[in-house]
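Structures for review follow.
Two complexes are shown next, each including chain A; its partner changes from chain B in the first to chain C in the second.
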Partner chain A sequence: MSTDSLETSTTPAVESIDEPLLRATGLQKYFQTETGLFDRFLGEPTHVKAVDGVDVAVGERETLGLVGESGCGKTTLGRVLSRLYDPSAGTLEFDGEDITDLEGAELKRLRKRVQVIFQDPMSSLNPRKTAGEIVAKPLEVHDIATGEEKQERLAELFDEVGLQESHLDRYPHEFSGGQRQRIGIARALAVEPDLIIADEPVSALDVSVQAQIINLMKRLQDKYGLSYVFIAHDLSVVKHISDRVAVMYLGKIVEQGRKEDIFGNPQHPYTRALLHSIPRVDGKRKRHESLLEGNPPSPIDPPSGCRFRTRCPEYLGDECADTEPELRAVAGESGTVAPPERVEMISTDGESSDEHAIACHWLGKSSERREEQDPMT
Partner chain B sequence: MNEPLLDVRGLTTSFETGQGRLTAVDDVSFSIEEGEVFGVVGESGSGKSVTALSVMRLLDDAGTVEADEVWFDGTDLLSLSEAEMRSIRGGEISMIFQDPMTSLNPVMTIGEQIAEVVRHHGDTGERTGFWSEMRRKYVTGTSTESRSWRRAIELLETVGIPEPEQRATEYPHQLSGGMRQRVVIAQALAGDPSLIIADEPTTALDVSIEAQILNEILELSEEFGISVMLITHDLGVVRETCDRVAVMYASEFMETGHVDDLFEDPHHPYTEGLLASIPRIDDDREWLSVIEGTVPDLIDKPSGCPFQDRCDYAFELCDRPLVEYELDSTKRVRHAVRCHRENERVRVDESGHVTDVPDEAVAALERRIEAENDASNDPAVADSGIRTDGGSPTGGSDEPERRGDRDEY
Partner chain C sequence: MSSRFDTDGGRVFGIRTDLIEQFVDTVNRDLKAKIGVVIVTLFVIAAILAPELAPYDPMAQDFAPLQAPALSSETPLGTDSFGRDLLSRLMYGARISLGVGLGAVLFGAITGVLLGLVAGFYGGWVDDLLMRSVDVMWAFPWLLIAIMLVAIFGQGVWNVVVAVGFAYIDDFARITRGEVLSIREEEYVLAAESVGLGDLEIIFEEVFPNTVAPIIVQFTVLVARAMLAEATLSFLGLGVKPSTPTWGALLGQGRDFITTAWWISIIPGLLIMITVLGINLFGDALRDAFDVREVDSE
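Let's turn to the complex of A and B:
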């Protein structure tokens, strides 16, 4: 790959949204590993590079799906995006305002606009408070409503998420998993936020309940014009709810684009292998086969060059180990391959939108050569 | 047709709770052929795991397990003593659980844990007495020269663990989730089983690792001709791995059949609803269809279909005891549904809704329920293995004497 091609292309996927609600640039979050006394005298502390240079943007009324295996940093990214964690480096902009270093009252103001829903409703709801008290808390904290008005608002919120008014006085343990997640949603909704960051909101739920919660989230989005960052490991769920999707691997985004691009015309070897490994109910394929061998490497000391190279089924050669590929637009580049047969159903005719970008050295290489090496054919 | 490897008839498991009697498994019948992968799919709390634990007699005194018959490879599991049962567990039948971190001993090396199973179930000529095991566990460790240790290394290699000699001396916490689950599989293989019961073996794992582990289980099943009973909530996993599948809801098997039949032509409204409610990678629906309502309370479960309150097709026969209807007997694999809509005298319109229930339908159903009651009351008939329509009616409260006749263990 020539160097000038690297320079001309900065992350186009992010640029293409004119005025995103939330934009992260070069976002990093490192955690220092616990070290003993001895190690402290001996040189550098080690860091877990949970999020290591991520550019994402979420538009208004849009859902960004964030997928990846466990340990890839998607939860950390979600927490940095909501400013629950402070970023180690990079900038965060929300609605045109720099929110990277907000503190105190200003941060509290941001909380009114950005809310979070967690995976396990049982551990994110206070077991000693009633559902009513839990949902009322944000109303009190942000001085939104008191007294009579608060009660009205509570009833309204409960109705909105499909709970009954009689549920107000019950404690979290008296609810089923799906109902608890509804309480979590009501609490997030209470402050009328613009953006909700949902971290695996349905993975702890049964399939039939999953569908109820997903439908509820979609309905609320339509009604209130919400934006979501939807973090999940289940690709089918992400595909269902997202407008755009970012695929993470070991702290970096390896592919992002519109949902149709990612699922209809996946280009990064990791995305392709991941899509290939989902168990499917359509009966198209008998017997499982995996293209992903082994486990993800440690984020403390990620592999040189491309982080995915150690497990890549389409490993290209020394280049992959030497230089780290940047996220570049797929459209108009060679080195892409035809969509694998089994995802062709969400057809994009193999065409990518402008937003579709991958971080892979195959881009700009010969497509024929890649097709030859394609493990899926 | 050959005798099935595992044949379970009329299995009922219940627990006494403060609020009343909870029926976790309600009159479940199934069989698993040799070399077959049989899936049990259902939502949490539907009784999948308890079914497996009941067959293995692993519930201790916690619950009451009753069954008409539990045959395994020509042995009646009901008649075995606890000691005999112990040699079957981990030997002829072994289990793989969901979370490898809780099924492996954290203070023993993985080689040690596998070697122990090999010694107890294999023919290694090594002593397995209490003191010998204690000495190995806490003093000397298993000799790397011993047959059991060598076999453990071999097994680790079989399940695809790189550098098995090195790995065998490591502890579970030093391995990744996928590796740990491989160790559990190696352990399950150590007793040379003919049936492996895998209870949500991949639920705790990532998709890419899930694929590896499912592959491993299937390859081993094919290579060694082991039957697998796969318990899962994931319909995709079932579709890709199983030969036959049973859909479980509120402690009952609602529909049983070949995976292709069941997924392409589901007959039970619950199966239909379940299949429609999952987001698929290849559909473009805006809204998912939802099964309204919640699972019924299993405490003092009423008779009749447990799904009737959530069912779009419910009609007047639904509160009668359920019986099993066999569909199209020309099919190679039996497809059975427990839903009165399948009663041949009940008229159903194109949308699947019942239009007319003639009196003969009710009469036929009553005759059948009576006949089945008689059959299960008469041990001679039950023993001769009448299982053409396996299921017998539910609703324990009105037939106390029938329950009393069952073998209890």
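Let's turn to the complex of A and C:
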């Protein structure tokens, strides 16, 4: 067991990207719960710990997939990363600049470089504005183009996302879900950003349309050299588009690594359980075998120690309840187990890259013992 | 470019021309809207052109026709007890009644909507402060405030407008705030923020246009109440000068003669009713025209 990996409380446990475009360190976002008048004077304020100490980094032209169940804080994390929400603690760096406390004109400049695509393509478009007005807005706000030039740029953007020029003066309700999401993409693309944070951009769409939108996003990434933070609750969606993946549980990242690490050699019990729950075509797995039971605990009062312990199929003992495991590199550590045959979608021969990290007490323990306890074998 | 779309131009008095087109469409399609537009236009024209159209000076007294029957050719609606031509007084009265009715509600709407927008959008202590202030306004009997305002600033049309409109601030503030609270949760508000719009742009471009439907309805309902409120103030001697003709005042003055000359009261009353009806129909048409979804689903 390497000792130096334990002393990494201030810097990310796993340093993979030399000069990331976006880096979050120790990021937290707490929401104060609604309280009545008496609670305000008498009681302790309670907080929803939506994001509770997250370190992530996104490199240039890279896609970071962010996965987790509903309510794990991934949407909040996305909004903090895009500075739509102010972080409660931690720092955010973009292109080498500290953007944690940017305000006013400086924040507006950041908006030109970091854009957001939203989950609900109906709710994210103002019903009283035409598609053209919606996409033209960022061009106007940032003085990018006016008059004739703006019209040309609009036509160009619409063409780029697969819409027609005749769509410009239609209202959002006249479009299909997929088309609406294309408008959302065009709006994000209008300012020619470096980074787009996509918050479950395909969750609300039909499966056939999902593929179209993901392919469109990939094509745009190649063409414009975009970076993405791609948030999803579905691992199979993330698998297609991501370079690296971070798995979130109750406000914390429990496993992260290259896509091959996560899908070919998952090590955190939660990731393994999530992958296990993806339906398989060959029918090798029986349906009742789901390893995840119940709902995530409340983020107001998360479990002591490891947050996943209450639902963990590989619960280790008191240690899990006493101390909180830190995110540590998997490579060269004992306590790892062979990738379950059924989740092997991308072959890595069970080798981890040095970016692969998990937050679990099994790391450093006996691999044989874990093997014995493995609920999947 | 074949598209009629243009994000820069296409505005008349700040209103998008396609919305005006939609309004014309709605009016063409909908008989009720047509009636509303006709009534409102007719009364507004009568009010504006009263000096040209009225057969007599509304203040001029002529006691000869007092004995004449109501429906004579010289004074079609007869005269009041001071021998003033009723038709002329009604036409001039339209100016004050419509003016105070619309003006007071406009005053209440602008103030209230602004308060509601700010309170709902910012929430927190701003919301608490503004809405509790509105509650205080609401807790005072309207008439007391009106008496106080008139006592301080004196009689006059503008003071009546403010005194009457003051009572409607809380209605508009509450309605707007409620709408804003739900719209604030919509992702397009967040999207506007992510695009880089400032608070004011978000409030007026994204939030406000989506709150107008209930505000228009409330507006048209309150115009009626405002016209009656003006009548109340006039009746109490707190409105405009007693000799100035207003529908409310005419209605009140005619009360004494209701058994002998019923039309002196009934006609202004009917006019108030028809105006209110017309404004309501007009408001419905406006609301339909501005609701882009509704226009299409029909």
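Some notes on this structure:
As a convention for this text, the second predicted complex is superposed on the first by the 356 of 377 C-alpha atoms of A that agree within 3 Å, B and C clash if a C-alpha of one lies under 4 Å from a C-alpha of the other, contacts with A are read in each partner's own complex, and residues count from 1 in each chain.
Please note the rule applied: contacts are C-beta pairs under 8 Å (C-beta built on N, C-alpha and C of every residue); 3 or more make two chains touch, one makes a residue touch a chain.
Please read all numbers here as calculations on a predicted model, not as lab measurements.
When both complexes are superposed on chain A, chain B and chain C sit side by side without a clash. Within the superposed three-chain model, A:L292 lies in touch with chain B and out of touch with chain C [touch as defined at top]. Judged by the touch definition given at the top, the superposed model places A:Q151 against chain C, while chain B stays out of reach. Once the two complexes are laid over each other on the shared chain, residue contacts for A:D206 go to chain B alone; chain C is not touched.
By the touch criterion defined above, A:Y171 reaches chain C but does not reach chain B. Measuring only between alpha carbons, the smallest separation of chain B from chain C in this overlay is 8 Å. Across the two superposed structures, the residue set of chain A contacted by chain B and also by chain C is empty. Chain contact summary for the complex, chain A toward chain B: residues 69-70, 176, 206-208, 210-212, 214-215, 218, 233, 235-237, 239-241, 263, 273-275, 277-283, 285-290, 292-293, 295, 342-343, 345-346. Interface residues of chain B, counted against chain A in their complex, comprise 43-44, 176, 178-179, 206-212, 214-215, 218, 233-237, 239-241, 259-260, 263-264, 273-275, 277-282, 284-291, 294. Listed in rising order, the residues of chain A touching chain C in the complex are 79, 82, 84, 108, 111-112, 115-116, 118-120, 123-128, 130, 132-133, 136-138, 140-142, 146-147, 150-151, 155, 165-166, 168-169, 171, 173-174, 184, 187, 191. Of all the residues in chain C, the ones that touch chain A in their complex are 1-8, 18, 186-188, 190-198, 201, 206, 209-210, 290, 292-293, 296.
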